[in-house]
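Common to both upcoming complexes is subunit A, partnered first by subunit B, then by subunit C.
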Partner chain A sequence: MNSPLLSVTKLFKYFSSRGQRELRGTPEQLRQDGPVRAVDGVTFEVHSHETFGLVGESGCGKSTLGRCILRLLEPTAGSVAFGDEDVTRAAGQRLRELRRRMQIVFQDAGQSLSPMRTVRATLAEPLRIHGLARGEATETRVLQLLDQVGLEPMHRNRYPHQLSGGQQQRVAIARALATEPDFIVLDEPTSALDSSLKLTVVDLLQHVQDSTGVSYLLISHDLTIVRHTCDRVAVMYLGAIVEIAATAHVFDDALHPYTQALIASIPVPDPFTKRERILLPGEPPSPANIPSGCRFQTRCSFVMDRCRHEEPSLLEAKPGHRVACFLYAEAEREAAPT
Partner chain B sequence: MTRRRYLGRRLALLVLVVFGISIVAFLLVHVLPGDPARSRLGVFATEELVQLKRAEMGLDKSLPEQYVTYMGNVFRGDLGDSWRTHNPVAEDFVERFPATIELALAALLLAVVLGVSLGVAAALRRNGPFDHLATLLGILGISAPVFWIGLLLIIAFVTQLHVLPAPLGRLASDVEAPTQITGLYVVDSLLTANWEALRSSLLYLVLPAVTLGILPLAPITRMTRAAMIEALDSDFVRAARALGLSRTQVVVKIALRNALIPVVSMVGLQLGYLVGGAVLVEIVFTWSGIGLYLYRSVIGLDFAPIQSLVLIVGVLFALINLAVDMLYFAIDPRIRVR
Partner chain C sequence: MSGRRVATVWYQVSQNTLTVVGLLLITIVVVFAIFAPWIAPANPVSGDLLNTTQPPSSQHLMGTDQFGRDIFSRVVHGARVDLAVAGIVVSVAFVMSVALGALAGFAGRVADELVMRSMDVVFSFPPLILAIGIAVTIQQGGMLSLVVALTVIAIPPMVRITRAEILHRKESLYVEAARAIGSSPLRVLAVHLVPNSLPPLVVQATLTFGYVILETAGLSFIGVGVKPPAPEWGIMVSEGSPYVRTGEWWISLFPGLMIFVTVLGFNLVGNGLLDVLNPRRRRQ
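== the complex of A and B ==
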């Protein structure tokens, strides 16, 4: 496979459990003070033209991970490589150029658009910052962007509060597209929308990808949409990825007990379909107090002695299918290079 | 349309409020201890003389009759005479009002500049040194009486350090007042390029302005801090950073602009309270504004000025309130455009 567009390697983000100061030090040192381990050593990559899904319960660190990749949060440790640039070390002009190439769409567009600005001002801002258009050209580009996301020219003079939720999200998408990025983090882009609007926004995003070749990191807990749109999926639990595979493999052949429970929780529209529900006992533990050994051991029905002492690493169980679980330790040994 | 209706409703409400204020101001004389007629004639006046005086002052008529006469006079600009200064109250008031305005505006300016900067600094580094300073000033502003702070400042800067003139008025006795344009000495001396008067008036203004400014400083700082923290944690600030705006631009252009909306209304209301606070500060600094005038009138049982000041300050407060609400239309598009 050709070299990935984005590779995240052993990324950590710890928050202090007291106060809001940034933590400094290696993850091993910091772990002594019981920090909130929002992202706890995550490794994955995203290829060009790919839609990569990131799923997991609320609070598992998905959004924090997305923000660390874009340097909206400073990672505690680890690296993020974008093309041949190191995002975590970039500064000044190079960081700005990276910001041009990497964009984000937030969950609630009503919150992500400044209420003080018209649509035109919102869309013109990125053009101005990166010197992409001036004067007349700005107006042309704004109209083009509106058209690209299916809005009318008249919408450019509106304030966010004068738009519907779906329209607001389209403006937010247009803003992300303004700099012609190669990569967009979609942080729950449809969660705040009605189900009827969800699909139109998903269609819009796919259409944009088809015409521009942009890659997406789709952060979502909506498994139906993930299954519908993503090429590959990573499942996150308490700050760590427990399984990564092609979408079809994750949904039809989930290996990790947590993924299995997650998939089984998808509602089936036919009330007469018999299906096996897997109910996880208890609540997910706090990310400030992650269990030792396997982080899932407190809720796993297959828990073994080994799981309590040793942390499983994310290893290839089948070709292109990686899982962090000792149940597949045999396969792991066979697949592991010597 | 809705805006006009809103305005109409506010104006109707204002009329009602002003009517209420006038009733209170009118009744004040009848509620306050002491008989205005007797207080003018002295303790040794005979009962007959007092009755005559009462008739002369119209105090023997029924309350509604007296109210109508009183309001009729007020609308003609006749606020009664002060028997202490032997001038019409309106004249005394016009003469002293600019001094209070100068003091209140200077105090407010100080409080806004310092309060907003401190609030922003505190929000940027929560629990940092500026945050602690803001808390300290907040506690001081709420718990320490203004006159006490004024006295401390006088002890420190006048009697100990000898850097500021004694708190006796608005100008040094050997400096002539600048040609009257606005009645605010600092503004007038600037307009007439009278540098000597400017220097002197500024030196005399500093301490009372600082003293009075501590009052609104605390709420302005707290409001700015809270609004900034909320704005800084919003998705539109995150989006602005993702677009590549520098940190300063994000803080000033995006976050502060949104955070200032609640602060503006708060500042407007503080101006009303300042007039009240000015009374104490003017006493401490013998600042010859309406505060000192009111104080001396109260001490001397001079009813006409007390009544008029209650009326004027009350109406002023209501008008400022209205102006602040109108200001919302100007600065907040969510209200301006529907």
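== the complex of A and C ==
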């Protein structure tokens, strides 16, 4: 495959468990003080025109990861490369140019729109900041953006509270599209919407991708939508990616015990289907207190002695299918000599 | 705020009877202030010494004082003085509070500590005592020292409100969204944080307007504010007070009523705005 659009390498984000100060130092040093390890050494890449899914339960660090990639949060360690630009080191004009090329759509669209600004003002802001349109061209572009997300010209004079939830999300998407980015983080873009609206928003996003070639990082816990839209999927548990593969492989041939439990939890719309449920014992441990060894050992039904002492790394078990689990250790042995 | 939003607020305000009453009271006082020379039948400063301490009559609606000055004329002109002082104080305090509050809430720990601890110093004095102290120290003639003193005591509560609003909104999703599209910190502050923080400040400014009128009258009453013979309500109450015991109640009563009506008006409007601008009611 050609070189990736975005590559995230060993990215860490630790939060102090006391107070709000930013943590400085290497992850190994910081681990002594028991920080909240929200993102704990994540590596993956996203290619052009790709929709990359990031799934996992609430609190596993998905959104923190998304924000670190965009530098809305400062990563503790690791690197994010976008094209040939190092996102973690960019500043000033270069950071602004990155902000033009990388965008985000938040879960709660209503909260992400400034309450005292009209839709027009919200959409014109990125155009003005990046010098993309002036004067009458701004108005033309705003109308064009509204059309692109399926809103009417009259909506440009509305305030956020005068719009429905679905319309607010469309405005947020239009704002992200205003700068013609190459990459958009979609942070649970459909979770706040009811199911009929979900599909229209998903369709809109796919339509946008078809016409602009933008890449998405779709952060979601809604597995049906991930299956429906994503090319590849990464499964996150307690701050780390435990499995990463093409969507079909993750859903039909899950390797990691956590992924298997996650997939088995998807509701099937047929009351007569008998299916095997995998119940995970207990609650996920706190990210401030991640078990040593395999982070999933406390809830895994296949736990082995080795899992308690050693942390499995993310290795290729099948072509293009990587998993962090000792059950597939023979793959590790094969991979080791190279 | 845009025209459309003002229209919405106006509609909601007009649904509340007490707020409308408050607006009416304020309107009367403002009309007095603007059209004082046309409304007042007599000169407010020079009196008719042959007609001192006359009770209210058809010729002198509110009677005359010990120098024979027409009290109604003085009350009407007094609206000018009191509203001018309160208007200047509240405007200056508003602008300075927004600047200081934004600095405290946005520019980091050091600025925050510096601004807020200075505010605590001002807060730690009883407000009127501090105002007397400042006014006496400046001694630049009535009006200016009064305005400075009242501005100083009006600022701290408004700074606290601004800072709290900014701190709270700094964490909001629309600020994060603004950063994500490339807004500079200054732009985030000016375009997103400050405008969205204004509603509770407008309420506080309205209420402050009432307090400042009360304090102007209070300071002038004890002689550190506006100086006689200016037709200021507090002075008038003060000048009339010895006569209350001998039965000439009208000298103090009418200016006192004006203070009461004006302060009541601003408080009613302030509380009405508080209801309307309350975020929990905003969606209605």
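Just a few scattered comments:
In this text, the second predicted complex is superposed on the first by the 335 of 338 C-alpha atoms of A that agree within 3 Å, B and C clash if a C-alpha of one lies under 4 Å from a C-alpha of the other, contacts with A are read in each partner's own complex, and residues count from 1 in each chain.
As a working rule, a residue touches a chain if its C-beta (ideal position, glycine included) is under 8 Å from a C-beta of that chain, and two chains touch if they have at least 3 such contacts.
Note that the coordinates shown come from a computational prediction; the quantities given were computed from them, not determined experimentally.
Placing subunit B and subunit C on a common subunit A by superposition gives a clash between them.
In the superposition on chain A, A:His207 contacts neither subunit B nor subunit C.
In the superposition on chain A, contact is made by A:Leu72 with both subunit B and subunit C. In the superposition on chain A, A:Gln103 contacts both subunit B and subunit C.
When the two complexes are overlaid on their common chain A, residue A:Pro115 makes contact with subunit B and with subunit C alike.
By the touch criterion defined above, A:Ile129 lies against subunit B and subunit C together after alignment on the C-alpha atoms of chain A. Overlap of the subunit B and subunit C interfaces on subunit A: residues 67, 70, 72, 96, 99-100, 103-104, 106, 108, 111-116, 118, 125-126, 129-130, 159, 161, 172, 175, 179. Residues of subunit A touching subunit C in their complex: 67, 70, 72, 96, 99-100, 103-104, 106, 108, 111-118, 125-126, 129-130, 157, 159, 161, 172, 175, 178-179. Contact residues of subunit A toward subunit B in the complex are 19-21, 67, 70, 72, 95-96, 99-100, 102-104, 106-108, 111-116, 118, 125-126, 129-130, 159, 161-162, 172, 175, 179. For subunit C in complex with subunit A, the residues that touch the partner chain are 1-2, 4-5, 172-174, 176-183, 187, 191-192, 195-196, 282-283.
Against subunit A, the residues of subunit B that register as touching in their complex are 126-127, 234-236, 238-245, 254, 257-258, 332-334, 337-338.
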